[in-house]
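Same chain, two partners: chain A is paired with chain B first, then with chain C.
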Partner chain A sequence: MNLEIDIKREKKVSYVHLKGEIDAYTAPALKNKLAPISEESEPFIEVNLKDVEYMDSTGLGVFVGLLKTVRKQGGKLKLTNLSPRLERLFHITGLDSIIEISRKGED
Partner chain B sequence: MDKCIDYIEMKIPAKTEYIGIVRLTLSGIANRMGYTYDDIEDLKIAVSEACSNAVQHAYGHNENGEVRIGFSLFENRLEITVSDDGKNFDLSKMKENTGPYSPSMPIEKLSEGGLGLFLIKTLMDEVTIDMNSGVTVKMSKLLNEERMRNEQTSWSKTKQ
Partner chain C sequence: MAFDDDIQMKYKEMLANYIQELTEQALYEGQRFSWKAIEHKIPPEEIINIHLKVLKELFPDIPKKILDSFDFLLEVMVGYGLAYQEHQFLRGRQLELKSEIEIAANVQQALLQTNIPKVEELDIGVISVPAKIMNGDYYQFAEHENTMSVAIADVIGKGIPAALCISMIKYAMDSLLESRQNPSYILENLNRVVEQNIDVNMFITMFFGKYDFRTNKITYASAGHEPGFYYCASEDHFYDLQSKGLVLGVDRQVKYEQYELNLFQNDMIILLSDGVTETRTKEGFIDRAAVTSAIRAHLHLPAQQIVENIYKDFEKMQGFQLRDDFTLIIMKKNV
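Moving on to the complex of A and B:
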């Protein structure tokens, strides 16, 4: 019940790969890891959620916070490879109309 | 007919690292009862939200608290109670910033939390919150076939 956070930089884009569970236990570390890359000027961040097996409102909160910083800095945030479960979570909370997301297999 | 068949209880220290253990126990129980994959995932989120609330709001940084989770197994549903002895959170305040986001909200004003209760209510069939000494969230989810039967009854009622 952990979360592996892997951040790779390719030119201007930060690719974040997450593996495991995003809950109240793992969210604070995720927030800390994402903070420095989101505070740059014009950050472009793509988060791959393919291997995220579980996520609840604490995870959603992290991404809302991330979006706020990224937009303030004039950048862009994209969440990719959402499973049907995660997609549903973004849909029922209305976040799918606020954060750019794409389904598994769409990229 | 509406008799609790079995009751399982667990108690965890009020620390976020144990919420995953509650999820594991819960999926074991729900799987055994015959819930579908999607229903089990819904249950996991709802129960985790209630546990996170208890750990973070009731106890804050006091890690000596405990959270009790009770699973009542009925023939047609699973009823779960999550309770703590911490301080009551301000429910009215919590309700204010709960609910889905809408695209018209300015990004900088979006709240980074407070969706917990909304998710519990959306994902479960029945939810009650008691505040006496501490908070007790009681929630239940019907087994799939049972829900379908209920929907059919209400549908035929509206038809008449």
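Moving on to the complex of A and C:
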């Protein structure tokens, strides 16, 4: 299974749209794509997970790493359109207490 | 070697046979021959050389132009021959690496060895099976005077990096356990150790519980670990083991909330790694209810047999191909 990564820039915000599965195989590519935008000063990144059917702990790790960099640079990270399954993953790991997330349908 | 000696004769026989009969069976002989040739490390250009010689013997008046073309083909095949040699070399290297990893896995197993306490009060069953050679799941029991502690942890990812991390956790745990502190203290300390020593993209989830034999009370805390279950025998009902806390290694300042539960006869505490709940069948993922109904199906058995049966059931559901490390612990209150 592949992961399509699409990054659009609108003024100060980087909108990242992901489609596919985020696991041990696709995580390295995702990490590399996100690295440059997270290392800017005060980056604002919004990741749309609407079309992500599956994410494993390696995928969570990518967002943990991303959050650490974004915080260090004084920026903000937001994950949107999480499926109930993904939302549960962020909830169990407690990551929803440090990363701003919203469910599918919410905004 | 015998095969090398009469290889040309054999080839001649097979080729003549094929040209005469043009049957599938005769063609298949060629395929079988190639396996033998590979086994005897005969390079591809050598086969072409033999083909050429045999051709000359079988058809003495073959046009010179066609014979010359074989010199060209030979030249082309030299590259393949080299690739083949490299392949053989890499195969050897791979076998070496595999045996090194196997040794490392044995060392890890010895390092992580934990004795499952034999106590009157609890019937304990444990199974932990890695998806690959090395295990990224970890569990540890420790017995003190009137208490027993149990920890279950899961490192992000699988394989060697995860296994190395687990070793770090094990040593940090060993020194912390001597202090006999409560679960939230242990997790808060571990969190600081992990946060300092781990890659930014990694984290560890852990459940830590402490059982007091005098009060039959289990005190526990969780760092983002897949919730276990509490089976209440008097109600014949499974509850999620409520607990909330951030995974280890992300934020230095985290505090972990502590929870308590009194156990009565035949009550159970079930701990697991996400390799159990992430069991993926052809129809998709199983849900947590599948785990509790599997336990229910084996409820009358001793704890060790329950966990082993569930592992067998779930392994079968996944077509005997574990995608993630699988750890399941059941503690049943005896008296």
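Odds and ends about this structure:
Keep this in mind: the second predicted complex is superposed on the first by the 107 of 107 C-alpha atoms of A that agree within 3 Å, B and C clash if a C-alpha of one lies under 4 Å from a C-alpha of the other, contacts with A are read in each partner's own complex, and residues count from 1 in each chain.
We adopt the following convention: contacts are C-beta pairs under 8 Å (C-beta built on N, C-alpha and C of every residue); 3 or more make two chains touch, one makes a residue touch a chain.
What you see is a predicted model, and the numbers here were worked out from it, not measured in a lab.
In the superposed pair of complexes, A:49 makes contact with neither chain B nor chain C. Once the two complexes are laid over each other on the shared chain, residue contacts for A:24 go to chain B and to chain C alike.
Of the two partner chains, chain B and chain C are each touched by A:95. Within the superposed three-chain model, A:64 lies in touch with chain B and with chain C [touch as defined at top].
Once the two complexes are laid over each other on the shared chain, residue contacts for A:5 go to neither chain B nor chain C. Within chain A, the residues touching chain B in one complex and chain C in the other are 24, 56-58, 60-62, 64-65, 67-68, 85, 92-95, 97-98.
Chain contact summary for the complex, chain A toward chain B: residues 1, 21, 23-25, 54, 56-58, 60-62, 64-65, 67-68, 71-72, 85, 89, 92-95, 97-98.
Interface residues of chain C facing chain A in the complex, by the touch rule stated above, are 154, 156-158, 199-203, 205, 223-227, 244-247, 250-251, 274, 278, 285, 324.
Looking at the complex, you find that chain A touches chain C at residues 24, 27, 31, 56-58, 60-62, 64-65, 67-69, 85, 92-95, 97-98. Residue ranges on chain B touching chain A, taken from their complex, read 16-17, 19-21, 23-24, 38, 41, 44-45, 48-49, 51-52, 55-56, 100-103, 105, 107-108, 110-116, 118-119, 122.
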